[in-house]
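In the part that follows, the structures are each spelled out as structure tokens.
Common to both upcoming complexes is subunit A, partnered first by subunit B, then by subunit C.
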Partner chain A sequence: MLEHKDGQQKKEVKPPLLVIKNLSKSYIPGVLAVDDVNLTVNKGEIFALLGSSGCGKSTLLRMLAGFEKPTSGKIILDGQDLSNVPPYKRPVNMMFQSYALFPHMTVWNNIAFGLKQKHMPKDEIKENVEQMLALVHMEEFADRKPHQLSGGQRQRVALARSLATHPKLLLLDEPMGALDKKLRTKMQLELVDIIEKVGVTCIMVTHDQQEAMTMAERVAIMDCGEFLQVGDPEEIYENPNCRFTAEFIGSVNIFDGVLGENGSDFMYVECPALQNKIYIDAGAAIADGMKLSVAIRPEKITLSKEKPQQECNFEEGIVDNIAYMGDVSIYLIKLQSGQIVRTTLPNVDRFRKNQPTWDDKVFISWEPDSCIVLTI
Partner chain B sequence: MKLKTSRLRRLHFRGSSCVIGAPYLWTILFFFIPFLIIFKISFADVSDTSQPPYSDLTSYEDNHVNIALNVGNYLDLFRCEDEEDCNVWKIDYDFLNFESVGLNIRDSLKGFFDAISTEFHVTIYIEAFWNSVKIAAVSTLICLLIGYPMAWSIAHSSQAMRSVLLMLVILPSWTSFLIRVYAWIGLLKPNGTINNVLMWFGIIHEPLNMMHTSFAVYIGVVYAYLPFMIMPLYTAISRVDNSLIEAAEDLGAKPFTILTKILLPLTSGGMIAGSMLVFIPAVGEYIIPELLGGPYNILIGQQLWIDFSNNHDWPKAAAIAVAMLLFLLVPIIWYFKQQKNEGVSK
Partner chain C sequence: MSGPAPEVKSVWRLIVLALGFFFLYMPIIVLIVYSFNDSQLVTVWSKFSLRWYKELFVGVQQQSEAIRSGVLLSLTIGFFSASFAVVLGTISAFVLTRFDSFRTKTLFSFLTTAPMVLPDVIIGLALMLLFVALENMTGGLYDWLNGMKVEEGTLWSGIHSALTYCASKIAGWPEKGAFTIWLAMVTLTSAYVSVVVRTRLQEMDNSIEEAAMDLGATPLKTFFVITIPSLFPAILSGWLLAFTISMDDVVITQFVSGPGAKTLPIVVFSSVRRGVSPTINALASIIVLVVSVCTFIVWYTMHRKDKKRQREYGMMSVRQKAEREKSDTPKA
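On to the complex of A and B.
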């Protein structure tokens, strides 16, 4: 999610545009590619479906476009039930992963294609195409063929083409999938900029969590055809509701343990892999002795050479490996139990003086509120 | 090390030039040289005394080398001096009669048409050639119309089904071409399979006369050359990215628009290749019209054989062959130009 200065304003409640009700799809009887999905997307929202390949996110997107017929359930866009509307009649346009630009047509004709299907008068088509070309800054390339464009330019043409007919819903299938990493970051911001300028509601599919978090206002984590968690990027990163989400988004250290002493606003977790207990400053409505996991993000773990002055939430270990990433270094710390803990250390000092090195004895520690308790 | 790689590269270069050179050598040995011989014969005279029955172009006499080029073989293809070698084409301009709309163009144009003769005298060669081109062109079109949907369904069937269907397309070529054409006689003749079945069902009461007609020739040519149309079309269609079709659909294009605006332009290379593979051999086709066609409207391939075998007029036959090749060069050159353009656009 892009942080806007006028973020407060953006939070205002928008009316729902797309309602998905109990949507399921199975290709093989008994195997559900999409399993009873319910979702409401608001007008003007950028929504991301995030999951690894085969999780059903593409099937869901293709059902929205009309390329796949739902086995059961409903898709309602702006009050209209789309279930039996063929793709060419839906006010939904898709930007394909491969962009699917027509290779035998110029950029201009590619963008004009959808407008021509609407039998728009010629001068109106011209006006619209020029507007779209200006929107994506491709005016000079109007007469080029797709193969004469770079990857980024092709993406912009594909976006212009899918926006030209002013769809109510824009679908992006792995929008950055065909771009190299450097260009990706640039285009992510540019794409969001254009989409927000047009104000179109947008659903994107991606397997890249960074992309989803940069571009989308809300993200749904999908696995095995189901939504595991739906929320804004911060919520999903800081408060994952299950082990899969915690592990899928970002890196995480997970300690399996059992619930020990606990009260209404605190609990202790005893982990076989740790010598000290974990203290969490929040209560849990679960029974004593229950198995649970504690997840801690690497950047919330402090690394030091001196023993921390606290009774809980610290461990002793040795530096097993260091990966220098430029802005930070990733430290892999081997605990006495053998478990590897991942932590990061910002490279504030250019020559990294006084930083622990391989095989150094170190201590890791964390704050009680950094711990995420996971029961599933 | 550097020396070693450069030597390797040179070796590699030699190896690759050998591989590339093989088809060139093949073409030179088995096409270009025989063609030059034919070309030479086409300028000779018929000779009853020599064997083979044509005269030498060069003769040596009184310390002079005489070269005699007989262009008459070529001229004979076009000029109508000998009445028995010529047919008359009449142009019927009755269709220009617009009296029904109160406008009589015919009378005003009559003088004009009378002035330029409405009868064309054409040689049997021109006529045979015209027949061949007509049959080849119409057959190519029919092959295209039948082959396209077939190629489409093969390209869009499941992986396992695809190989079976492709096999079925190629399978007939495993039997001899001659036998396959002969088999059509059994189907088309008056007491053949088709007539018997139709009469048994009572659809017809007298056998249809299908043998020895242009209809039979069309059937034979379309049947024999259809695989040559399907194969390049199949390749072209399966190369079209399915997401392009989905994208067109997504942008509001109806199925017919997708066909005309996306699919046909993107598979034009395959359509051209298939058409060439059907048209070019069909123009010179000999066996099919000989077995299935009638005594009238003979084709250029048959005419060539008559001159070569019955009339022992090798130079005339050679001239026909050269003229035919020159004519067919036009579509071949166009085809290669198209291929080149396509290469640029991809």
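On to the complex of A and C.
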């Protein structure tokens, strides 16, 4: 996650700007594309909607822009109910995935378009456009047509165009979707920089979790039109509230089991796939013998050649496969039960010196507080 | 054999090429050559002369005059029908691609393209029958009003005389002539325009219009400021297509034209029956010349533009590419 310089302290004092109440949308009767969504976005916040394609995130964004009419529910922006306001009267601007720059207009005219619709005096338009061009470092390209620009430049023009009218809310639809991977990381940081400089509230839609975690202060995980979890990136990664979120964000090892012996500050989980019990140093307010899953992130599993000195939270297996990624190696360990466990090992030495190799007998172990207990 | 095909200097290739060009252009060359023929007979060469060109432009023969007025009428009808067809065709294309599906969308879509697939003879006949029926109706209305017995001095008699006056104005409308030809051509060519524009609309990025609305332009303004300019190439080619089609249509025009309105193709056809005058050769040569020059100009400007773009791109690879890269890196 990007460290927002003034993030934590200021967050509490930010007043809410956008309130979404019980918002639903169905295209076909009986099928909800967006299902009873409630959300509050604070002023100046960058909020990301994250989900796989078809999860309803784009529909939600289009409802905010006004291109789709909600079936039920309310969208309240800064105290104004937007539900029946057409897109051209909303103080909301969108940056499209394809950028949607007007091909027959120069960069200058593209940026000035929104201001002209507001019937702003000419000299004010000029001043505003120049300010925007400076903001995105595109001054020398003002007379170019969109087809004469590179992908990154087009994106910056699109951003300048949507910021020129000073919207209350900025919507980003897959902002990096049209860029290649290397440029993406650069532009992510630059985009956040510009958005924070302007101070506009921003909602973005993406299917790329890395992008959401880099750019957004808060992330909502969407599936089948519903919000599964809303929180800051760290919370969502370290403390997912359901199996879908755990599996969607990053990679994870999941062991299905039943709750064994437990107390107020500890519990044991017995998993058929594991030989030893899992010990978790947190209590659970659930009944004995209940079915649950334990999720452990790969980087929190330690790989060793010697048997660890502990009674639980370790397992024996053989190296099934190794994926060399450069900075880390991903090890797939086959347990005796046949389940494959994924773990990572940083490549501290060159050429994986002293590291286990294929078909080696190894032990994996983890800390009690690395376990995430999931009941759904 | 592998590798690039070796260049075969075969005689056959040359012969095939020559034959191809011969088939394509020989008739036109013959036509042009005979337009400079002095003889009254089209097929017998006597000596070089420009008399048929003179005849075409300033000749007093009945046929030359018919040709001149025919050219003028064809151009006029072509211009106006293409212009109106572009409006109708664009609107129908827009409705068919951009509106949510409505109950009769498929039917409507079929109906707009029907004039393209229906035989011209049927369209011509149908239009002729329609125009005749309309003529009878307007004439009948006037006769009926005129024959009505009305008391003088009442309110009704005032209304009646006003109605009769109006009916007398439209009686016999639409008289077959330039107007009906124009109507028929609009009917035929708007189908072509609709198809051309629809193709372009379908591949156009919807989000451009959405972006305009998002930035505060009303749907109507978006249509004129964003959609129409983006569609302009398609609208232009639709216009040219419609112009060409209505310029040289014979079959439908035959059915709907009246005694006074003779378009160029009709003049040519009717003169063929009486034996072709070499004036027509002269006219055809001029048309060939005009079309060739226009095509050349279009080709040349496109070629220039292409070259320019290539040059720009080439320059970009050295200077602007570096510039691009520099500007893609985040500034400190």
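Everything that follows uses one rule, which is that the second predicted complex is superposed on the first by the 366 of 376 C-alpha atoms of A that agree within 3 Å, B and C clash if a C-alpha of one lies under 4 Å from a C-alpha of the other, contacts with A are read in each partner's own complex, and residues count from 1 in each chain.
We adopt the following convention: contacts are C-beta pairs under 8 Å (C-beta built on N, C-alpha and C of every residue); 3 or more make two chains touch, one makes a residue touch a chain.
From a predicted model like this one, the values you see are computed outputs, not experimental measurements.
Visitor: Label the relationship between subunit B and subunit C on subunit A in the superposed model as either fit or clash.
Guide: Result for subunit B and subunit C: clash.
Visitor: Taking the superposition as given, does A:102 touch the first partner, subunit B, the second, subunit C, both, or neither?
Guide: Both partners.
Visitor: State whether A:343 touches subunit B only (first), subunit C only (second), both chains, or neither.
Guide: neither
Visitor: In the superposed model, does subunit B or subunit C contact more residues of subunit A?
Guide: C
Visitor: Thinking of the overlay built on chain A, is A:153 touched by subunit B (first), by subunit C (second), by both, or by neither?
Guide: A:153 contacts subunit C only, not subunit B.
Visitor: A:59 contacts which: subunit B (first), subunit C (second), both, neither?
Guide: neither
Visitor: Please indicate which partner A:190 is in contact with in the superposed arrangement: first for subunit B, second for subunit C, both, or neither.
Guide: The answer is second: A:190 touches subunit C but not subunit B.
Visitor: Could you say whether A:214 touches subunit B, subunit C, both of them, or neither, answering first, second, both or neither?
Guide: Once the two structures are laid over each other on A, A:214 reaches no partner at all.
Visitor: Now for A:329: first (subunit B), second (subunit C), both, or neither, which partner does it touch?
Guide: A:329 contacts neither subunit B nor subunit C.
Visitor: Once the shared chain is lined up, is A:145 touching subunit B (first), subunit C (second), both, or neither of them?
Guide: In the superposition, A:145 touches subunit B alone.
Visitor: Taking the two structures together, which residues of subunit A meet both subunit B and subunit C?
Guide: Shared contact residues on subunit A (touching subunit B in one complex, subunit C in the other): 65-67, 86-90, 92-94, 96-98, 100-104, 113-114, 117-118, 161-162, 165.
Visitor: For subunit B, which residues are in contact with subunit A within the complex?
Guide: Where subunit B meets subunit A, its residues are 241, 243-244, 246-254, 257, 261-262, 265-266, 345-346.
Visitor: Could you list, by residue number, the parts of subunit A that touch subunit C in their complex?
Guide: For this pair, the touching residues of subunit A are 65-67, 86-90, 92-94, 96-98, 100-104, 113-114, 117-118, 137-138, 141, 148, 150, 152-153, 161-162, 165, 183, 186-187, 189-190, 193.
Visitor: Report the residues of subunit C in contact with subunit A in the complex, numbered from low to high.
Guide: 205, 207-208, 210-219, 221, 226, 229-230, 312, 324, 327-331
Visitor: Name, in rising order, each residue of subunit A that touches subunit B in their complex.
Guide: Those in contact with subunit B are residues 65-67, 86-90, 92-94, 96-98, 100-104, 113-114, 117-118, 145, 147, 161-162, 165.
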